[in-house]
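Labels for the chains are A, B, C and D, by order of writing; each one numbers its residues from 1.
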Amino acid sequence: MVPVEYYLVLSAAVFSIGLYGLLTRENALFFLMSVELMLNAANINFIAFSAQWGNLTGQTFSLFVMALAAAEVAVGIGIILVLYRNFKDVDVTVPQEMRW
Amino acid sequence: MAGAFDYALAIAVLPFLSFCLAVGVALSGRDLLPKGGALPGIAATGGSLLLSAWVFLTVSGGETYNETFYTWAAGEAATGSLSEPLTLSFGMLLDPLSAMMLLIVSLVALLVHVFSLGYMNDEGETGLPRYYAGLGLFTASMLGFVLADNLLMAFMFFELVGLCSYLLIGFWFRREGPPSAAKKAFLVTRFGDYFFLIGVVAVFATFGTAKFAGEHSFPRIAEHALAGEATVNTFLGLEPAAWFTVIGLLVLGGVIGKSAQFPLHTWLPDAMEGPTPVSALIHAATMVAAGVYLVARMYGFYALSPTALAIIALVGAFTALFAASMGLVKDEIKQVLAYSTISQYGYIMLGLGAGGYVAGTFHLLTHAFFKALLFLGAGSVIIAMHHNEDMWEMGGLKERMPVTYYTFLAGSLALAGIVPFAGFWSKDEVLYEALVHGLGTTSGLGTALLVAYGMGLLAVLFTGFYTFRMVMLTFHGEPRSETAREAAEGGWNVKLPLIVLGILATTVGLVNMTPVADLTGMHDIELLNMWLSGAPESVSVEQYHHLLEEFGGIHAADVPSYLAGGLSLALALVGAGSAYVLYGGADPEPHTEKLGSLRGVLYNNYYQDEYQVWLAENVVLPLSKVADVFDQAVVDGVVNGVSSVSLFGGSRLKRVQDGLVTHYAAMLTLGLTVLLVGFAVYGGWF
Amino acid sequence: MLIETLIGFAFVAALVTFLVPDEVAGRVGAALSVVPLVGTLWLWAQFDGSGNALTGGTLAFETKFDLLTLSGYQVQWFTGLDGISLPLVVLTAFLTTLAIVSAWTPIDSRQSQFYGLMLFMEANLLGMFTALDFFMWFVFWEATLLPMYFLIGVWGGPRRKYAAIKFFVYTNVASLLMFVGFIALTFGGLGDSIDTLSLPAVAMALEAGGNVGSFMGLGPEALKLVAFLAMFVGFAVKVPVAPLHTWLPDAHVEAPTPASVMLAGVLLKMGTYAMLRFNFTMLPDIASDLAILIAALGAFSVIYGAILALAQEDLKRIVAYSSVSSMGYVLLGLVAFTEFGVAGATFQMIAHGLISGLMFMAVGVIYNTTHTRMVGDMSGLADRMPVTVGILIAGAFGYMGLPLMAGFAGEYFIFVGSFHSTVIPSAPLFTAVAMFGIVIVAGYLLLAMQRTLFGPFSLDADYEVGRAPFHDVAPLAVLLLAVIALGVKPDLFLDMILNAIAPLVGGGA
Amino acid sequence: MVTAPPMTPTYLLGLTALAVLLYDSLRTDDGGAGVLTGISVVGALASLGTAGWFLTADTGLVAGMSEFSGAVVVDGMSLFFTALFAAVTVLVTLGAHDYDPIDGKRGELYGLVLLAATGMSVMASANSLATAFVALELASLPSYALVAFLKQDRGSTEAGLKYFLIGALSSAIFVFGISLVYAATGSLLLPDIAAAFESGLGERTGIAGVGVLMIAGGVAYKTASVPFHFWAPEAYEGAPAPVSAFLSSASKAAGFALAFRVFVVGFPLGAATSAGIDWALLFQILAVATMVLGNFAAATQDKVKRMLAYSSIGHAGYVLIGLAALSAEASTNGDVMGAAMAHLFVYGFMNTGAFLFVALAENWGVGRRFEDYNGLGAEKPFAAVAMTAFLFSLAGVPPLGGFFSKLFLFAGAVDAGLWWLAVIAVINSSLSLYYYSRVVRALWFEEGDHDLSGAPTALYAALAIALVGTVVLLPGFGPVIETAQEAATALFA
């Protein structure tokens, strides 16, 4: 059996990749994807430790997370659509009228 | 049975009521009173005079009065360094000194009121209710001051006197000069009063009481303290004797201010901007007299301190000489009189400082009458000259205004100190006291008194000269202007006061003819001396003699008084004679020109005014401007600076929010990372 | 419940006035303000308190009940009067009515709001002077700032916004500082040894001594010192004590006259009143230790304020700086810890309240007529408005400390009291320095009067200058009479003040 | 005897949301705004009333009652916060009734607001990290939509985008934190996590620590605390003003409700601290950073709404004291946290009121800058008086509600020994007076020239309610603080 610490490293790596993508990408859709990665990093933890602790809480919760991620994307896509309509772009760095 | 003392308070209250009435009339803005309020004033001062006379008679019957009638403020407990609760009260001290002064003040005030009918009413002045209100309050304040049984009450009325002088000197407020002079008078005397007030406070703090007379009076306690029979608070680590000297000198500050002694004399000549009757009142009986009266009133305290006495004598003598020298060159009649006032009060100070309590009081008495006379006479001249005061425009008024001339002459003789006019006797006695005590006293005080005597003697010469220069220029010779040629004397209200005062100026000196007494051995004729001896023990002449010898170390040498009197008389005659020679002609020349630059110095009063004005305008005002700039720039600058720095900080801080969402995410991550690392290290997680 | 009724009435009156039409607001406000005035006079007549409210004296008109609990402390509604607060309460009601009447001429817009705010301020001031629970007191204390902020900001002069916000923020920061100091002392220092923050409870707990614990890493003595300084500085801004005074000239110059009257007349006294109650009653030992500094600060304020007044060209600025100067005396008197020092300081609060109110009002009447306050713009006003000028002169002499007027009484008591103080080292020197203020004050007031009131009439403006209307002058005359009455008979208040301050005398020695 | 389910207030909010959506989709005409507002207000009021009833009547709920196998708990704190959310919902829906930019889309707006309120209410009840996350998302997702509600408006879109992006990142961090805590303790139920903390985490302390910090991050996002605050200025500025009001009051309170329970119940301070996870210290740092940044940045704004946004961040800093001043042994924990709750309650009125005034101003079309408000006091005295009261209350000027709640809060900090935190808070509070009074200055001191349409009734009513809530707290503050402190104390039992 794979030691549980490996899963932690994996999830941390996935989380970091997501974070990196989020910080470097300017396209809103990539932004969304990066967030998905980060959520899935959490899911890795849930599932791995669910197995390790021997209860189903983690696995069940990972389902919740996925569902909520979907909902989040739905709202996100909606906002990106409006963004495109108003700014003619899906670049998240374009809207910076409000600052300071 | 109700006696004079039961009504004594009314002496001060009556003029106050006339003040209230006049203020009411002034406020109404209508001409409600005949003569613009003069009649109530005359009635009130007349009443005061009668009551004063009654008090005088009662006192001469050997009765005195020293009671508190109103407690102004009273503490409940002994606090600080005091050993008993403080009580600040009003009371009356009616003894020979105050009774005499009451008489002088109310008489002069009455005559000034009468004279004002001629000087103000007949000249068609406006604002008469205001004028008479001022006179009323002035009289009331001075009478209150004279009645005072303690130093605080005295101070309070002293200040009110200052207020009244301000109001009356500035009576013609629509002109430029009078308001300025009024301000100066108040301000300069206020400067003196500052020290006086410290003195009053110090007296309370030291003795717990400020009463003048009685066993529980501060001079008495001080005496006991010096004798080692009582303990008092002293401050600043001083011994009682030194501390009492300090207190005495502090109070003296007020005296110097009010009595126009050097160096606070500068207000007085300017005060001539006021109506002439007011000048008479100020100079003869009220404001200026208040200062020296105060010294006499608390003489028992000054007698304890040789240093204070020496300073009083030196200041007095120097002022006498100094002012007299300036009087030599003045062109305006009232200016000459003004400097003569300063000079004469210098004599009074000299007398008091020299241990001549009776002499100083005597000169105060005689001076009150002859100076009032001279001012009213000058007022009469000024009326005739249509308010032109320049003596070079006058001349030859003798024929046109005989009453004025003869009374003025009487006053001048008195001022110059020519026998047998009033001033001779009193001035002579002052100088005599200075001489004998100067010779008899071995300490530094003796030397000081001799120096003072010398200056006083020289001033006699000057006095004789400027007095007769004034008389010659004004009344003798040929008229030097159209107005002078057409001058005419005023009505009864001008003449009556002049005559009354003329008689007094001629005769009042006879009440204390010490030289005659010495010559004849008839000491019964030293009426004033006897009169003042009739005081309660704590304020009697004998007590003062005792104190002067015991604590002041003053002793009298044996010099015949008629010798000293003869010397000063001779000097006065020399002065008067030279004035007659120089200015007695039909068309005198302005000989003062020959003095050259010295004349400039004298004419400009040794630049005393200039340096004081310079101090005010070039030191104090710029200093205040600098302080203002400092306040705005630095003190307020710090306040505004704190706000600016905060706002600047805010404006920088908000730049973090630069509008780029990727930056937000980066900073968010960075922040979280820092926290994570920090806590991981701090908590030792891994 | 009399006090509560009065405060409540003032609040209701404020609301009513706020709602009536502008045209009648001035009259309505004045009429309504008479009720608290009569009420406080009734309080005065019926006053039966004795001793000091904070040291276990008998309170007059006491009311007390619990409101809520704060961190283990009962917050109470607790009001009552002693000989220190009663005069200030009377002063407040008296000046409010007069200030309202004096506003009839100058206030020509949004009247109902103006008079409503004046009454609102009165209500809070009455509450502030009567409240004996710290929280109630603090609420009223702060709430007085609000109306003044608006009075300056809305009806003020050209730089009113700057002045209003400066006043508001500066004094609020000071209040918070004081608040922190007090809370540190009570919460931190006294801890559980008290169960309410009523001022008497705190004062008596501190008096008992030894109750103060350590807090904020400070030992009991250091904590007391820090708390004392925080409170002192907080109140010093309000007084104001130089160099914390710079909000005052701006506020005064910009404020409309009636607001200046209240500001100088009552609001400044809040600072000294609070100092007396807090610093000098609760921590007399610290005050005594710092006496030399406080006395120096008092003397410095006197002289510095006076010198600044000398440099001013604006009549209101002159009076404003002279307030700084006059309040310096109060500080000196308080720290003397002698009977006449402390009582004189309290008396001076009243006296200065009346006189500065009078001066501001008189300057206001002149401004109403001439539309300028600059000394250089006018001269010879005595010719055109003799009655106003007459009263102004009388008031100015009152300010200079003319005997038989209230100002002299207050100043003299202070001088006597501080001179023989055993708490201030070298007390005579400090007293003498401070006393020099009486010379400078005469200097600048006489100079300003000479330039504006006397000489030939001239005015740098196109205004007809005539006599002021009766309702402008009447308040001046009333104030002048009050000033003289108090000067002739200080016992109107002095007796009760002496009685109330007796426990404070001696300081921490 | 009627026995209502303990979650009734939450249910009522959710049902009202459904009712609004149902009516909105069934109605045929374009009108019906009144009905929609009516349903929302009545529903929210019903929820408020029930919560109040549960709180005050002797229902035994204040002590706490678990639902759904312990995933949810109803207790004094949850009821207190639910009442707060319901009250803010009433104000916001009432105020939005007259808010013109959302004409024709009120159904959606009210529905989303009510749904978000439901989510917040669940957040206050969440006794498990799972519930917490779900509730958080239930509150957040409608909020994103609400901020971006004005689809034609670039500002609203930009605000929505930023809010969403930061929100997504934060929720990812939050959920990752949950996963780590789960990894360390093996449970998502707070009591179980607490038990695991108490019994020692062993070598998984680090994992738990990172998890706790990340959960704190998620909470910080919701409460707009540094460094998760970046969305707030833009979101509040760009969103329709009623939405800003809702978010800055209710959403912030919800974040705190969650934080209070999760940290106090889930990560007992004593055990956490001894394990090296001193989250009180963390919140002290966050509190200082948050109030300083919020207040200083607010001081130099030139748009009123953005100033209010920053001030809202500043207030989050004050409320964080409620967590920062906790300590393991102290008996005062309930007091200080109760004070924080009371401040949130008062804040719910005064801050909502202030944003509603901004809504009113937007309706009048006077512009957003300070100087655009010039002279409104003279023209619309009632609204301006209300705004003035809100602002001074926010600044903590007596005798307004904000003074009392700040007082109790700062006093609590002093009581807990964190006097320096109180001092910083006081300094910030005095700075805040400056920028709040700038609005007051514009309203009253400046002269302005506006052509203002009338006084919208519902918006005025909302202002009046908020005003009453702000001012009447003067005498009525006792019950509020007592309830809050009682509820908070129960949490530590």
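FYI, a residue touches a chain if its C-beta (ideal position, glycine included) is under 8 Å from a C-beta of that chain, and two chains touch if they have at least 3 such contacts.
Just so we're on the same page, UniProt names per chain: A = NADH-quinone oxidoreductase subunit K; B = NADH-quinone oxidoreductase subunit L; C = NADH-quinone oxidoreductase subunit M; D = NADH-quinone oxidoreductase subunit N.
These figures come from a predicted structure and were not determined experimentally.
Q: Touching both chain A and chain C, which chains are there?
A: Expected: B, D.
Q: Which chain has the mean of its C-alpha atoms lying nearest to the mean of all protein C-alpha atoms shown?
A: The chain sitting closest to the overall C-alpha centre is C.
Q: With chain centres taken as the means of their Cα atoms, state the distance from chain C to chain D in Å.
A: Result: the chain centres lie 42 Å from each other.
Q: How many Å are there between the centre of chain B and the centre of chain C, using C-alpha atoms for each centre?
A: Averaging C-alpha atoms per chain gives centres 36 Å apart.
Q: Determine the centre-to-centre distance between chain A and chain B, using the mean Cα coordinates as centres, and give it in whole Å.
A: 97
Q: Per the centroid of Cα atoms for each chain, what is the distance between chain B and chain D, given in Å?
A: The mean C-alpha positions of chain B and chain D differ by 77 Å.
Q: Where in chain C do residues touch at least two different other chains?
A: Only 169 qualify.
Q: Quick one: which residues in chain B touch 2 or more of the other chains?
A: Where chain B meets two or more other chains at a single residue, that happens at 643, 654, 657, 659, 661, 665.
Q: At least two other chains touched by the same residue of chain D: list those residues.
A: Correct list: 161-162, 165, 169, 173, 233-234, 297, 301, 434.
Q: Between which chains is there touch?
A: A-B, A-D, B-C, B-D, C-D
Q: Quick check on the complex: what are the chain B residues that touch chain C?
A: Chain B residues touching chain C: 26-27, 29, 71-73, 75-77, 79-82, 85-86, 88, 152, 155-157, 159-160, 163, 166, 170, 173-176, 178-180, 182-183, 186-187, 190-191, 193-194, 197-198, 201-202, 204-205, 233, 235-236, 616, 620-621, 623-625, 627-628, 631, 635-636, 639, 643.
Q: Spell out the part of chain D that touches chain C in their complex, as residue ranges.
A: It is residues 332, 335, 377-378, 381, 392, 397-399, 403, 407-408, 410-412, 414-415, 419-420, 422-423, 426-427, 429-430, 433-434, 437-438, 440-441, 444-446, 477-478, 481-482 of chain D that touch chain C.
Q: Spell out the residues on chain A that touch chain B in their complex, using ranges where they run on.
A: Residues of chain A touching chain B: 19, 22-23, 26, 92-93, 95-100.
Q: Applying the document's contact rule, which stretches of chain C touch chain B when the two form their complex?
A: 166, 169-170, 242-243, 245-247, 304, 307-312, 336-341, 343, 380, 382-383, 386-387, 390, 397, 400-404, 408-409, 412-413, 415-417, 419-423, 426-429, 431-432, 435-436, 438-439, 442-443, 446-447, 449-450, 453-457, 489-491, 494, 498-499, 502, 505-506
Q: Would you mind writing out the residues of chain C in touch with chain D in their complex?
A: 67-72, 110, 113, 135, 138-143, 145-146, 149-150, 153-154, 160-161, 164-165, 168-169, 172-173, 176, 179-180, 183-184, 187-188, 215-216
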